[in-house]
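Please find the structures below.
First chain A sits with chain B, and in the next complex the same chain sits with chain C.
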Partner chain A sequence: MFSRAYRVAITLPPLLWVTLFLLVPYLLLFCYSFWSVSPQQIIVHSWSLDNYRELLRVNVYLQTLFRSMWIAARVMFFALLLGYPLAYYLSFHAGKRRDLLYQLVIIPLWVSYLVRAYAWKTILGSDGVLNTLLEYVHLTKHPLEFLLYSPFAVVLTLTHIYTPFAFLPIYASLEHIPRNLVEASHDLGASPFQTFWRVIFPLSIPGILAGATFAFVLSLGDFLAPLLLGGPSGIMISNVVVSLFGAVYNWPLGAAISLSMLGLVLGLLFLSETLEKKWSIR
Partner chain B sequence: MSATRNASRWLPGHAIAVFGFLYLPIVTLLVYSFNGTGVGGFPPRNFTLDWYRMLFSDGPIWDSVVNSLIVALVAVVIALTFGIPAALALDRADFPGKTLFRRLVLLPLILPGIITGLSLLMLFREAAVRLSLVTIVLGHGTALISVATTEVFAGLQKLDRAQEEASLDLGANYWQTFWRITIPNLRLSIIGAALLIFTLSMDEIAVSFFLIGRDNTLPLEIWGRLRRGITPEINAISSIIFVFSLVAIVSWYRLRVRAEGTAEVAAELMEAVVQGN
Partner chain C sequence: MATTIEPAINQSAKSGAQPLLSIRNVSKSFAKNPVLRDVSLQIAEGEFLTILGESGSGKTTLLRIIAGFENASSGEVFMGGERIDMLPPYRRRVNTVFQNYALFPHLSVSENVGYGPRVAKVDKSEIAVRVEQALAMVKMTAYAGSKPSQISGGQQQRVALARALVNRPGLLLLDEPLSALDANLRRQMQVELKSLQREVGIAFVFVTHDQEEAMVMSDRIALLHMGELEQIAAPREIYARPATAYTAQFIGHTNLLRAEVRGGVARYGPLRWHTSTPDGVALFSLRPENIRCVQDGSGANAEVICFRGRISSQAFHGATELLKIACEGGLTLSMRSAARETWEGERQFEFAAGDAVPVRESHSGEGGADR
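Presenting the complex of A and B:
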């Protein structure tokens, strides 16, 4: 029913915009990662694999990458641990309160990222709310120093930020489970635990995969929480990139790290998609 | 049925604990914005409105608020201008590279902001464009096309094409049909998307971080102050932002429920992004 002219008119403008402002920039990132920077701080447009060799040669880059992945893995784990039972409760047990509780989960999702990271900083600091509370009730005599400027603070803050991200797709997948499957399982004599483990859980795996991917990928690339709360031991890979684009002024090396990160992210998305297809009933 | 009873005992407890965790920082922030003795220290004491007074006479903060409002408004216009046709294209047109196009549009939603920010920084550098609020607007607009596209695409799935067909049969051209039939039918999705894009742009920091020129947006102004040392004035501005986000999100939720009968589109949207459906 739609003419060729109409289809061109709706396709061409967004296609051109997205090409110019998304595709070309990502390609530029790719190009930059093979260029270099001269001692006079001019970008040299000659092609080599030197940046990638540097990445593999200097330990600190790989170490920081692994630390970031370890932080992201912990965030993913805790986000699922908090998000899954909550989603399950809302979907199967919350009854009339479900709508209200759902709103309560998504509200923090849209509260400024920076505001929440800042709030944790005021809670965790050495004269912050938590430490002074502990002293007030005479549980500790001195501030607990590990609370702020540590990987702990980064994991805690990122878990706070990404738990709703993990919750949402899990909740959607639980809501998609036909309720008569659950009833059938009960009628055929399965215990509630068996029903959960053999019927509900397998059907919610696509949601878990999506939630886990979100939590892992978004915390992997984070650089603001580590800057604000991480201290020297909480530095993540994006912080290295930021300094390469700022004070250190080595854009090509920064681009090589970013591109490696992009490759990792796309690989995880592909993996998640493949696994999801395997587990999907659709 | 003892397992059910057990589950129904610990699940609400777990839910309460998670909500406590999610809301603890927000409550702390609000409470300490009235605290006379600084951002920490338990118990809060010396209730005061001084931080709000200080905030209201703080010129640079309000300049950055105005900048952020302008950026967010233009970002909404850009994202909708290209996001609505993109959703229509995904729904109704077949063209080579359609799959790549869809993935590319959605990518900024899942990609860490730093990658989108840096890529655009390189584009502007190669094109010798000076960094300013304009580059931030282009960044926000582009990254948030993803939100407009997914929301409008979801709306299109519920749209009855018969009305458009009738309009075309009765002699209206495509342009008239688009403005008089398609857009009005999608209005709830579009308003919902606009609200969401506006809020996300007001809060955005990872992309802006790299594209900032001389003028700060509000999150970047706050960021600058956080690095210099913190006072409850930041709690005060954060509390005000929180109240506005709350209003925006609750309105978005209501619209969502009216448009789709359910608010789960946001969740399905995220699932779709990861799974490439």
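Presenting the complex of A and C:
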């Protein structure tokens, strides 16, 4: 239907882009992960699995990875907990306010991530808004220390930032449910509560899986929130990678951790894709 | 409210018995747009009532008010003496077969059918028995384990029917359930649906825009036009004695004759016939099949009207054909007769005075033109 030249013309630019800015860097990263650094801080191009062994041998790396996963899991949980009811309300009960509310969910995405993270810093700090308020109303005598520079602060901030990402696919899947199925359920004698659990919820599972994946994967790779608000106990795996590429100057080990993370995330995406397919019936 | 005597609107088909469902003065507007105006009708136990109307006539809205998906702007709905229009749909002993079936895509055929008993917390073993019976009734037992997406439209239709009937509703509502099927399957389902209805003895309210379908299946037809009930009667009666010009034109073909009545005689062009209609302009419906072609006009008398004309066009319909007669005085009439090869030259035609049925002008005023 289209000429060969036309097809080449529209395929080539994105293909070049992906090759140049995605495949080549990953290939480089892949190579680096098998190299090493000499004591003189020079990259030695000798191939070995030492970096991967190091990764498994040194407890800090695995501990940080597990902490990151635990933080990401909590963010996922809270993002679903907030995102699902919101999406359900918008899709089924918001009526005329729906478009407005939808915009209100989306608008925070336009605000810079940094600004939002700093906002939490001013809220949660020792002299922050929250502690000042708590002391002012005499609920506490001293600033609550766990609020800032803790995994709590990271989970809170990431939940705030990634809830819209969990909300959107859930909302889309709820919007996809034909409304006459809800009517049919009521018609057959099911109360609104029964209708939710037997019809609406099962049909929204693909959206929940997609939303959960977004929230988990995005949080897992996050490094700004732990950097700004995490403190020593809130360090995540990406912070380790950043320091390995920066101050520590051990690119090979950083590359090995990056690629391991990439493998983990691809595995998760594959899993969620499989589950979504299993659950979407049409 | 003061006690009022129930007005004798539309005697139900089975006289004497208390009506199963009674719709009283129901009106409905969407954003000040009236879609139903003061509709009252009654449905008897075991009756097959068809709500017939073109799109926009309000027929689906009326059905949705009975089911509970819409609230009437005014008026009341009673079922078995109990007022139901305030109840949510899941508290009504009414089930619906939806236009596009609305089967649950994540549930198998048998789970779909078992949905009603299951949410009603019926015993598991009893559910299994009832689902099996319902599937057998619609001949879908072989597909019990299939998902709705794996079966054809006609089969989905049967499952939707089983899913509704398994709850043993007092009344079954069907919203154009056959409109998605092709013509042959549709005719087959009309017959099956009708015999199924006789078998289960549940009253059916069937919504359609297809007047032939309505005539084939119904005990009574309620014809809706622009939100108003035009006429409610048995198919034969509504066909033979249409009350309004709209009814006469919507159900079957007709000739609408705008005649001048003076002293018990209607005059329409050169045609004259006796009528009991009071003086003034009156509309008459004359069915095409009530006009006959005759050898000579000698049979004419006070009851049989004779006129001359020639056939100006011929539309072949298989067993019959529809002919246009150009009569004396520039009138055109439609006539239906057994299919014949040729119609040449001027001929004699006749019709009985009793077949020219006086009809009311419809509210919207159409039907003035004689076709």
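What we mean here is this: the second predicted complex is superposed on the first by the 281 of 282 C-alpha atoms of A that agree within 3 Å, B and C clash if a C-alpha of one lies under 4 Å from a C-alpha of the other, contacts with A are read in each partner's own complex, and residues count from 1 in each chain.
The criterion applied here is as follows: a residue touches a chain if its C-beta (ideal position, glycine included) is under 8 Å from a C-beta of that chain, and two chains touch if they have at least 3 such contacts.
Since the model is a prediction, treat every value here as computed from it, not as a measurement.
Peer 1: Give one word, clash or fit, describing how chain B and chain C relate on chain A after superposing.
Peer 2: Because the two structures are overlaid on the shared chain, the partners are seen to fit without clashing.
Peer 1: Is A:L62 contacted by the first partner chain B, the second partner chain C, both or neither?
Peer 2: neither
Peer 1: Which partner, once the models are overlaid, touches more of chain A's residues, chain C or chain B?
Peer 2: When the residues of chain A touched by each partner are counted, B comes out ahead.
Peer 1: Using the superposition on chain A described above, determine whether A:V105 touches chain B (first), chain C (second), both, or neither.
Peer 2: The answer is first: A:V105 touches chain B but not chain C.
Peer 1: Where does A:L168 make contact in the superposed view: on chain B (first), on chain C (second), on both, or on neither?
Peer 2: In the superposition, A:L168 contacts chain B only.
Peer 1: Hey, in the superposed model, what angle do you get at chain A between chain B and chain C, Cα centres, nearest 10 degrees?
Peer 2: Nearest-10 rounding gives 80 degrees.
Peer 1: Should A:S191 be classified as contacting the first partner (chain B), the second (chain C), both, or neither?
Peer 2: A:S191 contacts both chain B and chain C.
Peer 1: Could you say whether A:A73 touches chain B, chain C, both of them, or neither, answering first, second, both or neither?
Peer 2: A:A73 sits against neither chain B nor chain C.
Peer 1: Of the two partner chains, chain B (first) and chain C (second), which one does A:V199 touch, if any: first, second, both, or neither?
Peer 2: second
Peer 1: I want to verify one number: the closest Cα approach of chain B to chain C after the superposition, in Å.
Peer 2: In the combined three-chain model, chain B comes within 7 Å of chain C at the C-alpha level.
Peer 1: Looking at chain A, which of its residues have contacts with both chain B and chain C?
Peer 2: 191
Peer 1: How about chain B: which of its residues touch chain A in the complex?
Peer 2: Residues of chain B touching chain A: 1, 3-4, 7-8, 11-12, 14-15, 18-19, 21-26, 28-29, 32, 39-43, 81-83, 85-86, 88-89, 92-93, 95, 101, 104-105, 107-108, 110-116, 118-123, 126, 138, 142, 145, 149, 161, 164-165, 168, 174, 199-200, 202-203, 205-206, 209-210, 219, 222-223, 226, 230, 234-235, 238, 241-242, 245-246, 248-250, 253, 263-264, 266-268, 270-271, 273-276.
Peer 1: Which stretch or stretches of chain A touch chain C in the complex?
Peer 2: Residues in contact with chain C: 178, 180-181, 183-191, 194, 198-199, 202-203, 281-282.
Peer 1: For a test of understanding, state which residues of chain C touch chain A in their complex under the given definition.
Peer 2: Touching chain A: residues 67-69, 88-90, 94-96, 98, 100, 102-106, 115-116, 119-120, 147, 149, 163-164, 167 of chain C.
Peer 1: Quick check: in the complex, which residue numbers of chain A touch chain B?
Peer 2: Interface residues on the chain A side: 1-3, 5-7, 9-11, 13-15, 17-18, 21-26, 28-29, 32, 82-83, 85-86, 88-90, 93-94, 101-108, 110-116, 118-123, 125, 127-129, 131-133, 136, 160, 163-165, 168-169, 171-173, 175, 191-193, 206-207, 209-210, 213-214, 217-218, 220-224, 228, 238, 241-242, 245, 251, 254-255, 258, 261-262, 265, 269, 272-273, 276-277.
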